[in-house]
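Paired with chain B in one complex and with chain C in the other, chain A is shared by the two complexes that follow.
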Partner chain A sequence: MTRYFTKDHEWIAVEGSEATVGITHYAQSQLGDITFVEVPAVDASVAKGDSASVVDSVKAASDVYAPVSGTVTVVNAALEDQPELVNSDAEGEGWLWKMTLSDPSELAGLMDEAAYQTFVAEL
Partner chain B sequence: MSDTYDIDQIEDADAEPVGPLALPLDAWHRARGGRMVDFAGYWMPVQFEGIIAEHLWTRSSAGFFDVSHMGQLYVSGEAVEAALEAILPIDLSTLPVGGVRYSLLLNESGGILDDLMVTRWKSGFYLVVNGATKWDDIAHLREFLPDEVTLNHLDDSALFALQGPKAAEALEALVTGDQALSSLSFMRGAAFKLAGIDVWISRSGYTGEDGFEISVPAENAAEIADLICAQSQVKPVGLGARDSLRLEAGLPLYGHDMNADVDPVSAELLFGINKRRRMEGGFPGSEDILPLITNGTATRRVGLLIEGRMAAREGANVLAGETEVGTVTSGGFSPSLERPIAMAFVATAHAAPGTSLFIDVRGRKLAATVAPMPFIPHRYYRKGAA
Partner chain C sequence: MNELNPSGWRPAMGTAPITREIETFTGNRALQLEEALLFEIGSSDRSGVDFDVVADFDLSALGPNVRKTAPNLPGLSEPETVRHYTRLSRQNYAIDLGVFPLGSCTMKHNPRLDEKVARMPGFADVHPLQPVQTVQGALSAINELAVWLIKLTGMHGVAMTPKAGAHGELCGLLCIRAALEAKGDPREVILVPESAHGTNPATAAFAGYRVENIPATADGRVDVTALTARLGPDVAGVMITNPNTCGLFERDLKVIADAVHAVGGYVYCDGANFNAIVGRVRPGDLGVDAMHINLHKTFSTPHGGGGPGSGPVVLSEALSPFGPLPFTARQVDGSIKLIEEEDADLEHPQAFGRMCAFHGQMGMYTRALAYILSHGADGLRQVSGDAVLNANYVLRSLDDVLEAPFGPAGHCMHEALFSDDGFADGFSTLDLAKGLIDEGYHPMTVYFPLVVHGAMLVEPTETESKAGLDQFIGAMRSLAERAKAGDELLKSAPHLAPRRRLDETLAARKPKLVYKHA
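Now for the complex of A and B:
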């Protein structure tokens, strides 16, 4: 499994043509207490850069963009009752949705973990 | 107390500073892990451990807030009382020494330029105005106060708030004065000594809880903040929880729930216009405002309880069925109620408590009900009250 990161602070863990998407630990730390997560609809097709989900914190609502194009297969139902999972384990239990990729070549434009950490350190 | 400005004299004193400035507790906040943001031209802590934890701590114990960005002003001189009554819709004849009263700075057409607290000191009046508007307020006061009246900007004073059900026991252990801290009731203030330093303390605040606002010399700000936060009941709280606390308490925020285009009647702030002034008029905008009391207004500020977990934010449209009837002016998740709440201006026909409305949030229609405010009961300390 390979994990990629976007400049908008999403992560995407890819295995073959399947992937899991969430927001990064850094993103959740910036958003603060998360009170609601609007996940995309199962079977929705999303294009790279589309707003696919919204994460609501006490202070503000933030869009989560699809890191790549594809079709949503599963959403994290646990977030309905426990949106705070995104705070406690953003890059694990706090995942948002799973998807199949329609164009794996889009992954080439994303950062690996080391590049993302460098990117965040410079913010 | 700092420079004394003669009203028409200083040209640059009220020029707006450029870029965020550091307040006296800047290093103190950073050392305690405060996440600093640019607010009203100053670096201010938006949170320490987290907004919800800080919010709930304030409701159950005591939160320490640095609000030194706010403008502290002192107005004095011959005929100062009449001069202030010409500018503010306040009745100073019923305000005793140490008394604190909420008032409104109004423009000539009755729009709200700011809301403020006015305290009678022995020799003049102490005003606390909003940080974001203080430079405009100072300019306005300089323009409309007569030459015999002197305006001091107390910009070498810091301002703290200690709020919550355990604020009194935490602060009582630290102060001495001519009277006991416990003798202060809500909206009363007095001079005290804290660690030997002269401070002004009033029993007031912006959370709906019992609590105090404490004006201290800037040079002693960190020392006093350390002492207060060393009390086991106290934790520092940032601007994020200050906003969610005041929203639950139904207290409007200038620039959001009121502005120069909003009159005090629509904003449900008539208590900021004292009874004698309503009878007599003669304050800025009175000719526009007073008829609204009798005739009503097109819109009203209301509270909204929202179904579900998704919050509605400032700017969201409020609908009755398919018809747009208002706009959200403040909104967010209520940590105490564990649900979203909002303030909105809605058409008066839809402003009665219990009215079912919808809020359009990014194309989703959230069900909402007009609710009386405060959302959380105020717990002010009123002497003689049960």
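Now for the complex of A and C:
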């Protein structure tokens, strides 16, 4: 499994043509306490850069963009009752949705973990 | 020395130690009164009014809907009811109590003259369905206000009916949509810069457009290069807030407007901050096609808690034909006619439709007209001048203790923006805001605009005197120093308010929206 990151602070963990998407630990730390997560619809097709989900915190409502294009297969139902999972484990149990990739070549434009950490350190 | 108390006199405080630990039997603390909910203090066996028992009332018409048990409505005597609401009102904070520095909201003094005018029976007691010949005075006030709004903005027409800022935005975008569709060129995209108001992208999406963001420059303004690079035949228009949410004037608006017009698009200006430029800048001269004016901000009138507001939209010559119905029109004989659907074919055939059932917020119109006429041209110029001067006084009095991200770039307009840069580890903007409650102020706007980390947006308005501002600045300096020094007491502020720090996260995650009887 390979994990990629976007400049908008999403992570995407890819295994074959399947992937899991969430927001990064840095993103949740900037948003503060998450109060509500609106996940995409299952079977929705999303294009890279589309607003696919919304995360509400005590500070702001923020769009979560699809890191790559594809079709949503599963959403994290636990977030409906426990949006705080995004705070406690953003890059694990706080995942937002799983998807199939329609164009794996789009991954080439994303950052790896080291590049993302450098990117965040410069913010 | 504090100018609010030049003699420095203080009452003798006695020798007993002052402590918050004293418990009272009632839970009251002198004039800080605890007040239970109506449901907790009311009962079903008392009432403030006598109802006649209706003899021989035929219940059968109600069928199965006849109640078997009494509704759980709290009964209270009249003095109990009056006391309940008076006690609650004492826990409130209002512009009539002190500085209300809520940036972006323009909480300014509402002159009592405007209130007097709004309460005149010919304005306050009219009904929207009255025959127009019986409300000529009220209609003529709407018409006169419309003329002044056009004059102050240098525009061609005005749609008076929208009832708030965001409603006005929608009206403006529907005009743009109607104008483009009339040309057979419906477009898809509205560009919204990061420095625009948060409602702008929501309005554009609601009006059926795809929203694309344009980044801000390092000095907090629209990135003109990025914006002009994105212009093309699919762009219906741009929405720009001027002055913007960083409290800065968008100096390049004319350049942007010319570029947008060159590709056949329109310029919407969010005029929520018109109070900073009224009497000095006419948006029409900057190439704006549509702009709403929050009457309840620029021209005072009370607001907060969701209303009432009023957001007339001034329109350029290109968009005026598409403005909504109804509107007032002065006739040759001096009377005012209301142009509604039945006259539209002749008088205004391209109207996109209607924003409101009736004619808009009469009470806001009368207050705004009274404000404009009582201030006059010189008074309105002074309003914007003083608002900007006060904000710059706050900015420069605090920029040595608080980080002002756009401070080095020059003057601000009507609001001063600070960040939480330099606070001790674990201390946030929220802590400083809560500390302001202990100091007896309503906190400023926090965490907005989003482009600044831990943003604190202070809008003093022209209402405040130098002495009032100095006291507020003193409180802010003290809190900023505590946040930088890591004063742990600040983390649990407020300490002196009727309630301590509330769990806003829990309230948002598990809101209790209805009262459940125990």
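Following the convention adopted for this analysis, the second predicted complex is superposed on the first by the 123 of 123 C-alpha atoms of A that agree within 3 Å, B and C clash if a C-alpha of one lies under 4 Å from a C-alpha of the other, contacts with A are read in each partner's own complex, and residues count from 1 in each chain.
Methods note: contacts are C-beta pairs under 8 Å (C-beta built on N, C-alpha and C of every residue); 3 or more make two chains touch, one makes a residue touch a chain.
Quick caveat, the model's predicted, so the values are computed rather than measured.
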- With the two complexes overlaid on their shared chain, look at chain A and say whether chain B and chain C clash or fit. clash
- Task: Please indicate which partner A:71 is in contact with in the superposed arrangement: first for chain B, second for chain C, both, or neither.
- Result: neither
- Query: Taking the superposition as given, does A:83 touch the first partner, chain B, the second, chain C, both, or neither?
  - Reply: both
- Answer with first, second, both or neither: which of chain B and chain C does A:54 touch in the superposed model? first
- Message: For A:38 in the superposed arrangement: first (chain B), second (chain C), both or neither?
- Response: first
- Name the contact category of A:117: first (chain B only), second (chain C only), both, or neither. neither
- Message: Between chain B and chain C, whom does A:102 touch in the aligned arrangement: first, second, both, or neither?
- Response: neither
- Message: Considering only the listed stretches 55-63, 91-99, 253-261 or 343-351 of chain C, which one runs into chain B in the superposition?
- Response: 91-99
- Item | Shared chain A surface residues [contacts with chain B and with chain C] | 33, 35-36, 56, 58-60, 83
- Of all residues in chain B, those that touch chain A in their complex: 46-47, 50-53, 55, 240, 243-244, 308-311, 313, 332-333, 335, 340, 362
- Task: Name, in rising order, each residue of chain A that touches chain C in their complex.
- Result: 33, 35-36, 56, 58-60, 83-84
- Query: In the complex of these two chains, what residues of chain C are touching chain A?
  - Reply: 447-448, 450, 504-505, 508-509
- Query: Tell me, which parts of chain A touch chain B in their complex?
  - Reply: 32-33, 35-36, 38, 54, 56, 58-61, 83
